[in-house]
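Below, chain A partners chain B and then partners chain C, in two separate complexes.
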Partner chain A sequence: MPRPGFVLEVDGSTPPILFHHGEGFRLEKLPAGRSRVVYPGEPLEPIDDVDQAIEDALLHPLDTDPLPALLRPDMKLTICFDDVSLPLPPMKRPDIRQRVIEAVLDMAAAAGVDDVHLIAALALHRRMTESELRQAVGDRVYDAFEPKGLLYNHDAEDPDNLSFLGTTDKGEEVEINKRAAESDLIVYVNINLVAMDGGHKSTATGLASYRSLRHHHNVNVMRHSRSFMDRHSSELHHSNWRMGEVIRNAGVKIFQIETTLNNDTFGQDGPMSVLAKREWEWSTRDRAAFVGLQQGVKLLKPAARRKAFQTWRAPYGLTSVTAGAVDPVHERTLERCFEQHLVSVEGQTDILTMGLPYICPYNVNSIMNPILVMCLGLGYFFNMYRGKPLVREGGVLIMTHPTPWEFHPVHHPSYIDFFEQVLAETTDPLEMEQRYEKQFAEDEWYRHLYRTSYAYHGVHPFYMWYWGSHALEHLGRVIIVGGDPKAVRRLGFKPASTMADAFEMASDVVGAAPTITHLHNPPIVMADVT
Partner chain B sequence: MGSLSKLSPAKVTAQLPFPYRAPTVPRGVEPLPEEPKLGAHYDTDWARRFPARWARAVILEAALRPAVRVLADPERRGYDRLAGLEPPVIFAANHHSHVDAGLLLTSLPEPFRYKVFAAAAADYFFVNRVAAAASALALGAIPIERSEVTRRSADQSAALLDDGWNMVIFPEGGRSPDGWGQHFRGGAAYLSTRCGVPVVPVHMEGTGRILPKGRNRPRPGRTRVTFGTPMRPADGESSRRYAARIEDAVAALADEVSHDWYTARVRAHAGQSPDLTGADLGGWRRTWALGDRKPIRARKRRWPDL
Partner chain C sequence: MKAVLFERKPARYAAAAVAGRIVPGRGASVGPLRLADVDPPELPGDGWQRLRPRLAGICGSDLATIDGRSSRYFEPIVSFPFTPGHEVVGDLDDGTRAVLVPVLSCVTRGVEPLCPGCASSQINRCERIAFGHLEPGLQTGFCTDTGGGWSIALVAHESQLLPVPKAMPDEQAVMVEPTACAVHAARSLRGPIDTVAVLGAGTLGLLTVAALRAHADVTTIMVTAKYPAQQRLATELGADWVAAPAELARAIRSATGSFVVGGRPTGGAEVVIDCVGSADSLTQALAVTRPGGEVLVVGMPGHTSLDLTALWHRETGLRGCYAYTVDDFEAALGLVGEADLGRLVSATYPLSRYEEAVDHAANAGRRGAVKVAFDLRDEKERTR
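Then we have the complex of A and B:
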């Protein structure tokens, strides 16, 4: 029986606490008597017979006919799936998308469906490479469809292959992939790693164009999404749900398949398993593994270290697979997500600490540049709450990450210019939205790289910054421990060499004896703050 | 040479006094009938004890695997279909060549690879002591009677499966005589039902070109091993029907190799997978039709893979 997550009150005998630090780790002693640590729950029991569970979901969907009844030989079927940003880290093969897609295709084969397309729903993310597509859909599906041009990445900048479906009652334009819009049935295969994923966001965001995305990927929406991990309190999701209604009213039929994974990010044994254990339960073997890991990564050159971490494949177990109409499916999915991630926490804190790991949704097989550090900390981890933020308004956020002044030139070309030009001028999201967004979004060179190379869209670094705009508005100070001071200052944050220095710097804002809460993430934990 | 033949071991032993040589039988006594120790009666228990298992692992990794790599250049697919599968398992494959056993044994993933036995023809691999010992040691083979159904072979296989050993079997009962497959016999299906063990259908392509039946010298080539989805008997399903289903599964895998997965699934659902045993044609036309079954090779990965 897996143990649920919980809140540890730090006392004098609490051992130093693990902080992720990019491609490395730190052990930090937190002040006794006024610190607490929010620990994630242990991995929920996975489903034993995954294929049977998938078949059951497809044959007994929620609020719609079983999948075989929706399939006929002369139909247009489009299978869309989440891109390389999910799950994190990538999971051991076979990926759950592959297993679901194969089951769907097997039913399509039984029905004799000839016109099948598969689309990676990546919105403005970079295109997936061949090996990433193979990882997601498996070799069999890849070899059957890609050579015939039937498996491909969504292109949000291809005017000939976008379809305008209308506007919401708030004036939001809805434009999605033409093939998907004109299909008799879209089967969307999702991975709901966190509560933010899935629902109408799958299609309304994953298959959309910039024209459509800008209506919810903006500063105003982000500041009113509190948090975007809680869909019912998230303006981001409200906008996507309105768009979902427009899509439905346009006659687009979606068969949604959502999956949830457990917290088995680092495995139950092996060198990384120690990262998922509670520090006072580390055995001699765990401690030896940790020391070996910590010292081993120090010996590697940065590129080798990055490669070593990026090759890690998580042995995630499937905790649910639900199919059918979007809304009921997503509600059930959220229940399973929260069951794994949610931990009750009483009251807010003056200082929130977090150790940022080596990976975020936008640097899979890539470099975690400073903008992504900001996005992971202030965007994702800060928003890991329901109710109210873990840290009080005007409080301090302390993150650990090396924050190197380094960018992947192929994946993140517009990030480089954003960092050099925009952030040198302003860190205010509203100002950069008004002054610079259009220029980057419509830049022909970025557009060309997005469409033909493996680059994120020109506007993407803006979105990363907006992702943290709620936190920027909420926090009194942000400190990064162990980061490149120049890069940290460019982000508008304060650099600190040690955690003790960071606490000292924070005292200017929150006083001499502040309360501290550490979010022990990953594995994923979400605070239900009352 | 004459002096050397005088020193032959048989002659030297014959010179020795009893008990250093075999006893002579008194004339008035009916000698006991000699117990058969070869063929289906060959005792292979020794080959599953620790020293033999250790030696087999060394042979597999140090000799068989390099030889298979040079000779058969295998491309292995479908391991993902075995995710979560626990031993024991029966791997049932089509059979074209002596290369098949080595290729399949070296293709098995863990945890199946080092605790496996192969069903081998008693009348071929166990005809003399040297061949029998080599087969038992190198392949973990046990003798199976091809010409008749014997309780001994079935009981031995079932006991090993019950004991957690995995099994490799070629249900066609022998190598293909003409490049096409033969109908599957019921052994794998029977054992699967009896022991409650899943059958993994396996298709091996290309070994028939390397060392077909009737040829002694191998010609190196490329092969592909494709593992299928594990199968279990349906409620009340007869071994014959189940064996036909396993054959169909291998035929669908063959179709997957020569076309693509989705096309193969469409045809499998429509009951139109090309038969493993080939069209009912005579003479050269049957051989000619083999050319249609060439596999699609994976293309080289394209730049860039960032």
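Then we have the complex of A and C:
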């Protein structure tokens, strides 16, 4: 029986706590008597027979007919799936998307459906490479569809392949992939790694254009998404749900398939397994393994170290697969997500600490540049709450990450310009949105690279910054421990060389004896703060 | 009287070239530069006056000469020994404070008829700078007959003197000469111009920004600056975008919406003003100028090796920009006050500490300084 997540009160006997630090780790001693650690739950029991579970979901969907009943020979069927940003880290093969897509294709074949397209629903993310597509859909599907041009990446900048479906009652324009919009049925295959994922956001965001996305990927919406991991309190999701209604009213039929994974990120044995264990339970062997891991990592050159981490494949177990109409499917998914991730936490803290790992949704097989560090910390990790933020308004966020002044030139070209040109002028999300977003979003060079190379869209670094806009507004100070001081300052944050220095710097804002909460993430943990 | 002298000593010049390459400014201590006791220069004729420098600036061209980096092009148009210093504000015998227009043109040399350049008031294009009754010298500060600003006294023709308004501090007045160079560059542009990039944010680069804002019709000014103080001043003086040189190409690409081929923007700035004059800066200038655009060389270049393929292929104009006309000088006199350019004077030294002064000037950027000058106002000999 897996143990749920819990909150540890730090006392004199608590050993140093693990902090992720990019492609490395730190052990930090937290002050006794006023610190606590929020630990994730242990991996939920996975489903034994995944194929059977998938078949059951497709044959017994929620609030819609079984999938075979929706399939007919002369129909247009489009299977859309989450892109390379999910799951994190990537999972061991076979990827759950592959297993679901193969099951859907088997049923389509049985029904005589010939006109089938598969689309990576990547919105304004970079295009997936062949190996990434193979990882997601499997070699059999790739080889059957890609050579015929039937498996491809969504192109949000292809005017000939976008359909405008209307506007919401709030004036939000809804424009999505034309092939999907004109299909008799969209089957959307999700990996719901966290509660933010899925629901109407799948289609309304994953298959949308900039024209449509800008209505919810903006500062105002993100500041009113509290948090964006709690869909019922998230303006981001409210907007997507309104768009979902427009899509439905336009006659687009969606058969939603959502899957949830357990917390088995680092495995139960092997070199990374110690990262999922609670420090005071580390055996002598675990300690040796950690020291070996830490030293081994240090010995590697940066490029080799990055490669070593990026090749890690998580042995996640499937905890649910649900199919049918979007809303009921998603509600059930949320229950499973929260069951794995949610931990009750009483009260807010003065200082929130977090160790940022080597990966976030936008640097798979890539470099975690400073903007992504900001997004992971102030966007994703800060928003891992329900109720209210773990840290009080005006409190301090301390993150550990090397934060190198380094960018992937192919994946993140507009990020480089954003860092050099926009952040040099302002870190205020509203100001940058007004002064610079349009220029980057409509830059023909970025557009060209997004469409033909493997670059994130020109506007994407803005979205990364907006993702952290709620935290920026909420926090009194942000400190990065162990980061490149120049890069950290460019982000508008304070650099500290040690955790002790960071606590000292935080005392200017929160006093000499603040309360401290460490979010022990990953594996994923989300705080239910009362 | 005391004067810093630059003599023709090939061995010492070679030593300065080596030392200056290793440590900028080191040429002052090992090269042919020395503090000497010399006779004051004779008045060459009618219309000449004695000028007692109050402040005399150290210019990039002075540093190039001291560190042995000057081109041999100058050999026939300078005369030895000379006292450097062409950025000068001083006192005339009648007590008038004046700035020096250092170009030694036909009028100063008693040459008649005037050459075509001087006849059209473009003294910077004078064709007689090695002729007439003066020894060769393109400017005061490079001519053995006139003396130079790094001394107690020099001689100047009345056509070289512009009175300084009483309210203008010496620190502003000493900036008039370099400002005139910048004004000349700015006034040579035919507007309106969408984007101008200024390479370098030393004295000349910063003054060029100020001059562009005052005397050219430019929408966006982009500047490369290595050091924080330079970046701050460039912004204060009117630059729209300031950053490290390595970021320029990306910024220009972004600002002009161009594509990229081979790491270079396919488009670029309409005009690039090179205030550095090195092979690197000229290469960068050619790379970021749009097809059909123009590179203006304001910083003094030397013997340089360049790949000119881009210049050919993109039909880039490459134009030098030397000194100024008297009109430019008068405009500069106004601009130094309006833009408070005296704030660029970061440090002053007495003549006796000329080696320190040169070292400071040669490393001004990294030491947070811009213009370094000699302050002669308290020199004892001045009042004799």
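The criterion applied here is as follows: the second predicted complex is superposed on the first by the 530 of 530 C-alpha atoms of A that agree within 3 Å, B and C clash if a C-alpha of one lies under 4 Å from a C-alpha of the other, contacts with A are read in each partner's own complex, and residues count from 1 in each chain.
The rule we apply is simple: contacts are C-beta pairs under 8 Å (C-beta built on N, C-alpha and C of every residue); 3 or more make two chains touch, one makes a residue touch a chain.
Please read all numbers here as calculations on a predicted model, not as lab measurements.
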Superposition on chain A - do chain B and chain C clash or fit: fit
Partner chain in contact with A:144 - chain B first, chain C second, else both or neither: first
Partner chain in contact with A:444 - chain B first, chain C second, else both or neither: second
Partner chain in contact with A:331 - chain B first, chain C second, else both or neither: neither
Which of chain B and chain C A:110 touches, first, second, both or neither: first
Which superposed partner A:269 touches (first chain B, second chain C, both, neither): neither
First (chain B), second (chain C), both or neither touched by A:9: neither
Angle, in degrees and to the nearest 10, that opens at chain A between the C-alpha centres of chain B and chain C: 120
First (chain B), second (chain C), both or neither touched by A:182: neither
First, second, both or neither for A:417, with chain B first and chain C second: second
Smallest separation in angstrom, by C-alpha atoms, between chain B and chain C in the superposition: 17
Shared chain A surface residues [contacts with chain B and with chain C]: none
Touch list for chain B against partner chain A, complex: 77-78, 80-81, 83-84, 229, 256, 260-263, 265-266, 268-270, 296, 298-299, 301-302, 304-306
Parts of chain C lying in touch with chain A, wherever the complex brings them together: 241, 243, 247, 250-251, 253-254, 257-260
Complex contact set, residues of chain A against chain B: 48, 50-51, 93-94, 98, 105-106, 109-110, 112, 116, 129-131, 138-141, 143-145, 147, 365-366, 410-411, 454
Chain A residues within the chain C interface of the complex: 416-417, 420-421, 424, 439-440, 443-445, 448
